[in-house]
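Each of the next two complexes has chain A plus one other chain: chain B in the first, chain C in the second.
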Partner chain A sequence: MGKDLLQVKDLKVYFSKKSGFLKKKQDEIRAVDKVTLSLKAGETLGIVGESGCGKSTLARTIMGLEKPTSGTVLFEGQDIFSLNRKQMHQLRRDIQMVFQDPFSSLNPRMKVGDIIAAPLKAYGYPNKGIRKKVSELMDLVGIKPEYYDRLPHEFSGGQCQRIGIARAIALKPKLIVCDEPVSALDVSIQAQIINLLKDLQKEFHLTYLFISHDLSVVKNIANRVAVIYLGKVVEFAENESFFNQPFHPYTHMLLSAIPLPDPRAEKARNRIAIKNDFPVNAGSASRGCVFYSRCPIAQDYCREHVPEFVNITADHRAACFYPVKNNSVVGEAPSDPRTSVK
Partner chain B sequence: MIILVASVTSSVWLPHSPTLIEPDQRLQGLSLQHWFGTDNFGRDVFARTIAAAKVSFFIGASVALIATVMGTLVGLLSGYFKKIDFLVMRLIDGMMAFPALLLALALVAAIGGNITNIIIALTFAFFPQMARVIRSAVLKVKQIQFVEAAKTTGTGSGTILFFYILPNVVSPIIVQGTFTFAKAILAEAALSFLGLGISPTIPTWGNMLQEAQNYITIAPWLCIFPGLAIVTTVLSLNILGDGLRDAFDPHSRMKRSGAQRLSNKTKRETINSIGGRTV
Partner chain C sequence: MLKVNHLKAYIDSIDGIVKAVDDLTFSIGKGETIGIVGESGSGKSILAQSLIQLNPSPPVFYPQGEIQFEGRDLLKLSEKELCNIRGNEISMIFQDPLSSLNPIFKIGRQLVEAVRAHHRMTRRQAEVKALSLLKDVGISQPERCMKSYPHELSGGMRQRVMIAIALSGHPKLLIADEPTTALDVTIQAQILELLTRLQSKYGTSIIIITHDLGVVARLADRILVMYSGKIVEEGTAEDIFYRTSMPYTWSLLRAIPSLKLTLNDRLVSIPGQPPDLASPPQGCNFYPRCPFASPKCREAEPVLKEIGKGHRAACILDEETFESRKKELEKKESGGSMISNGQGSVTS
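So, the complex of A and B:
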């Protein structure tokens, strides 16, 4: 693995909810709250979390579509928010995105060939070679080049996603941000798209930031995994360590929510019921652990103190005072939580 | 619709001149010689109706075209660029505060009533609505992900505006455009009826109606035929608008060409090709 291609440092994206122009007091939505991540060239970083936890906002901010409240995003050591328009334009060459909804991310009035050609045209690719290049790209993602003149609505969801991928790789970017690229697709198609992404990664040495709410998908494709809860990264680890030895109780909850294909195994295992609903206004809670209201092992201490994001083992970080050890959910809480913080 | 357009172009063949005064033929009823009868000066109503169609269509088409182009441009820009949106929309609001017809009336009264001035006045009266409709359509389309996708691929604002957003707001443009066409014809008739339109020597449906109102009890055909002409024209323009919108919709295009069977076949082919690649 090379050095860090992308570094996200203490990134915060807050949205203020304006309530009438006479009320000065505003509610803040902390969509992304002090997120720190790094991504090495050639690897795939999986980001998981339930809906509304800020995954997509994180992706959009990395793409420069959203302005951060504070913090930086470094791409190859360059802060992307300090760039002027021209530099940003050049940077966009290297970061491309695959969107969640394959239908709405393609212009319904444009031929698919032109859609794939759009990034090439935007960067002054010679007009003559475009058709040939697009045909190659279409072939690469498994769409027949004869369909160049078709409109997007003539394709299925999986095919549309392939077209979206072809568009993303057209400029040979270094990083591709995949914002839930498979969650809108059938399970069988999901596997095909994942395999396609993996093949392309091998072929072009791509780096993926792979956002998903589906842990089994992430397990399949990611080298490292980060779990986000309410805008905060609560666990960050290598794939193996993450799935074998998760520390954060929230991760345990997510893992236990994956249905097992074997009904007997499914029956036999102990599911951790998810306590309470997703807290609506917890985004603005400033005290205590974000996960407190739903945590099965929460202690009084957690209500008052914010857990630091610390290394629990060398390559495995989590933000919890009572990290779950030996895969037992209840875990022995240390008598003095501060010892585990250290 | 097509009949009307044809009659406009072939006004050359009219059996009677629309302005020829035949005093001995005044206020005659329907006859083979004068299909729609004659008016108080003995002019042929059929000939006048057809000739008036030419004027009405010219005004309607010009107003619709200019108002659509202006409205679309203003709507696109203010819908897409947040910064100018507020300013532009307040200006438009100001213009819309006047009833369209009243605004046109005032403008015509101020600058005088010839064809060009009427076109200018009606354009100003109708383009704010156009801009409003287009703006709201742009705001809606702007939210859809493909616009964002275009941004991430480095496509410039101009390209996004004209190749991504404009094609997707074509249907409201068409509908509003034909609607404006119809409204402009009506408004021109109303202006002429009020005596503020084009000089009475040029026949328009509006001033024909105005002249006819004095004779409505003794010669009802004088107002029936220009009235009917207005109604059918406006109606057919509205239907035309609907038809054009359907024709521009990419989803209905396939069905119209009867390619249903073809698409099923190609779907099967693509499934095969996908299966072949990724396993």
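So, the complex of A and C:
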């Protein structure tokens, strides 16, 4: 693992929400709220959270598609928001994206070969070599090069996702942002795509920002994992430490929501009851811990105070006054917040 | 309660006749939950829609079979009689809750309409009933929900509304077609919880259709595994998960990204794509993707044979050979890493 390829510092992306006639009221939606992350070359960072937690906004901002309210995104040490158009064009070569919906991310009127060739053409790849290059790419992702002239609707979801991946790797980018790349696929096909992404990473030394709502998928691909709740990172650690001893009650809730393919274990399981739906409009008004309203171990203290994002062990950070111990949320006796957080 | 006998549902398409549901037999008792598991394109949705004939016909037609529901064959009923059954006795929840609700009407109006379609009530009475239904499915502010448009609700809320609509006629059987596929894991857990609770309250039978074996592990009493229009394995949840007897079920189980695996483990995927139903392969349909395939599999289609009480599987391998082959393969895999590729036929 090399040096930091991407650094996100105190990134905030707020959207204003206008309501009432003639902008009477204005409220902010804090889609990304003071997020700090770093990503080393060659590793995969998993970002986990429910829909609406701001993970896609974070991805879009890193791609330079959204303007941040404050904070910086450094790619190879360079602030991507200080670049002019020409420099931005060059940057886009190095950051590519794989989308969630494999069908709507491919133009239905273009031949799949042309779809994969599009980024090559945009960056002046010699016309003569394109067909050969595209065939190589198709081969690499497991699509027969003979299918160059077919249209996207002739392929299944998994195959379309492979085509999307071929397009993303065409320019040999340094960073690929994968926004829920497997959540629209069948389980059997999910495994194929995850394996493909891992193989390509090894071969081309790619770096992934892997966004998902499913921790079991992230466990199989990410070196480090960040959990996001309402725009804030609430837990961040290396894969092993993260899954061995998750500290944040929200992480426990996410883990407990995953159905186990094992009826006996499933019946014996002590599931954390999930309170409420995901709060969509938590505006600026909320005080205290963002997770307070759904937290299974919330205390009065949490309602009034915002937990700092701190190191609980050396490489494991979480934002909670009562970090979960012994991997059990149920029946936990909360300790005093001022002594448990150092 | 519901008995399906040798049902065939074929689709007449440009590429020829697609055997979406091919000779299916199963039954469901009162208060029972059946899970139907299969990949996209295995015919499970066509099956679900065939049960209350929501498929446009033509192109779908039923060359054979019967669907016995409380002594009547649903395939022989008139459209009017079917309308009385739909919603009142059998109702359905669909995968995408946004496209199943009408975007230009408020939830209240759609729910009241559903209630009044099933009960003789005044509008006022129907509103009261609608509110209690929304409370039942766990919506915290039912009054506000009634006044909202579908786009103002989250995915989980919309699916709850769909369940409320489906339950408005107190059906005896609820068919849930991938009810949680479009949702987050947390919302999925809530919806599954809700289905179990409502089932014990109303004694409804449930047919739940999914591609994720994890989803049915907790819910289903019995599980049918479908592959290219046919049942390939059938049994209790215990049979399917602990006495797996068909290579396809086994492969599906292994493909689930499990929390037991670590970062360096390789997921086991099923190579290739599900077969094209217009021109299925010769012999066993799973033959081209099966890790244990032998030339013999190609000769004849395996029949669904009884291997335990209520446990049926369609594979020519007997139990012993299957067990030893599984061990062999697992041993081989732990030795060297496999390179996966999804090279397969394009669906066209």
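FYI, the second predicted complex is superposed on the first by the 327 of 342 C-alpha atoms of A that agree within 3 Å, B and C clash if a C-alpha of one lies under 4 Å from a C-alpha of the other, contacts with A are read in each partner's own complex, and residues count from 1 in each chain.
We adopt the following convention: a residue touches a chain if its C-beta (ideal position, glycine included) is under 8 Å from a C-beta of that chain, and two chains touch if they have at least 3 such contacts.
The structure displayed is predicted, hence computed values, not measured ones.
Participant: Counting only touches as set out at the top, which of chain B and chain C does A:144 meet: first, second, both, neither?
Facilitator: both
Participant: Would you sort A:156 into first (chain B), second (chain C), both or neither based on which partner it touches?
Facilitator: both
Participant: Quick check on the superposed pair: does A:253 touch chain B, chain C, both, or neither? Answer first, second, both or neither.
Facilitator: Second partner only.
Participant: So, A:190: does it touch chain B (first), chain C (second), both, or neither?
Facilitator: After superposition on chain A, A:190 lies in contact with chain C alone.
Participant: First (chain B), second (chain C), both or neither: which does A:97 touch?
Facilitator: first
Participant: Once the shared chain is lined up, is A:52 touching chain B (first), chain C (second), both, or neither of them?
Facilitator: second
Participant: Do chain B and chain C land on any of the same chain A residues, and which?
Facilitator: The overlap between the chain B and chain C interfaces on chain A comprises residues 142-144, 147, 154-156, 158-159, 162, 192, 195-196.
Participant: If you look only at chain C, which of its residues touch chain A in the complex?
Facilitator: Against chain A, chain C makes touches at 39-41, 140, 154-157, 184-190, 192-193, 211-215, 217-218, 237-238, 241-242, 251-253, 255-259, 261-263, 265-271, 273-274, 339-344, 346-348.
Participant: Going by the contact rule at the top, pick out the chain A residues touching chain B in the complex.
Facilitator: Per the touch definition, chain A meets chain B at residues 63, 65, 89, 92-93, 95-97, 99-101, 104-110, 118-119, 121-123, 142-144, 147, 151, 153-156, 158-159, 162, 164, 167, 170-171, 192, 195-196.
Participant: Which positions of chain A touch chain C when the two form their complex?
Facilitator: Its residues touching chain C are 50-52, 142-144, 147, 150, 154-159, 162, 186-192, 194-196, 198-199, 213-217, 219-223, 239-240, 243, 253-264, 266-267, 271, 273-274, 276-278, 280.
Participant: Can you list the residues on chain B that touch chain A in the complex?
Facilitator: 144-146, 148-156, 159, 163-164, 167-168, 170, 250-251, 254, 263, 266-267, 269-270, 273-274, 277-278
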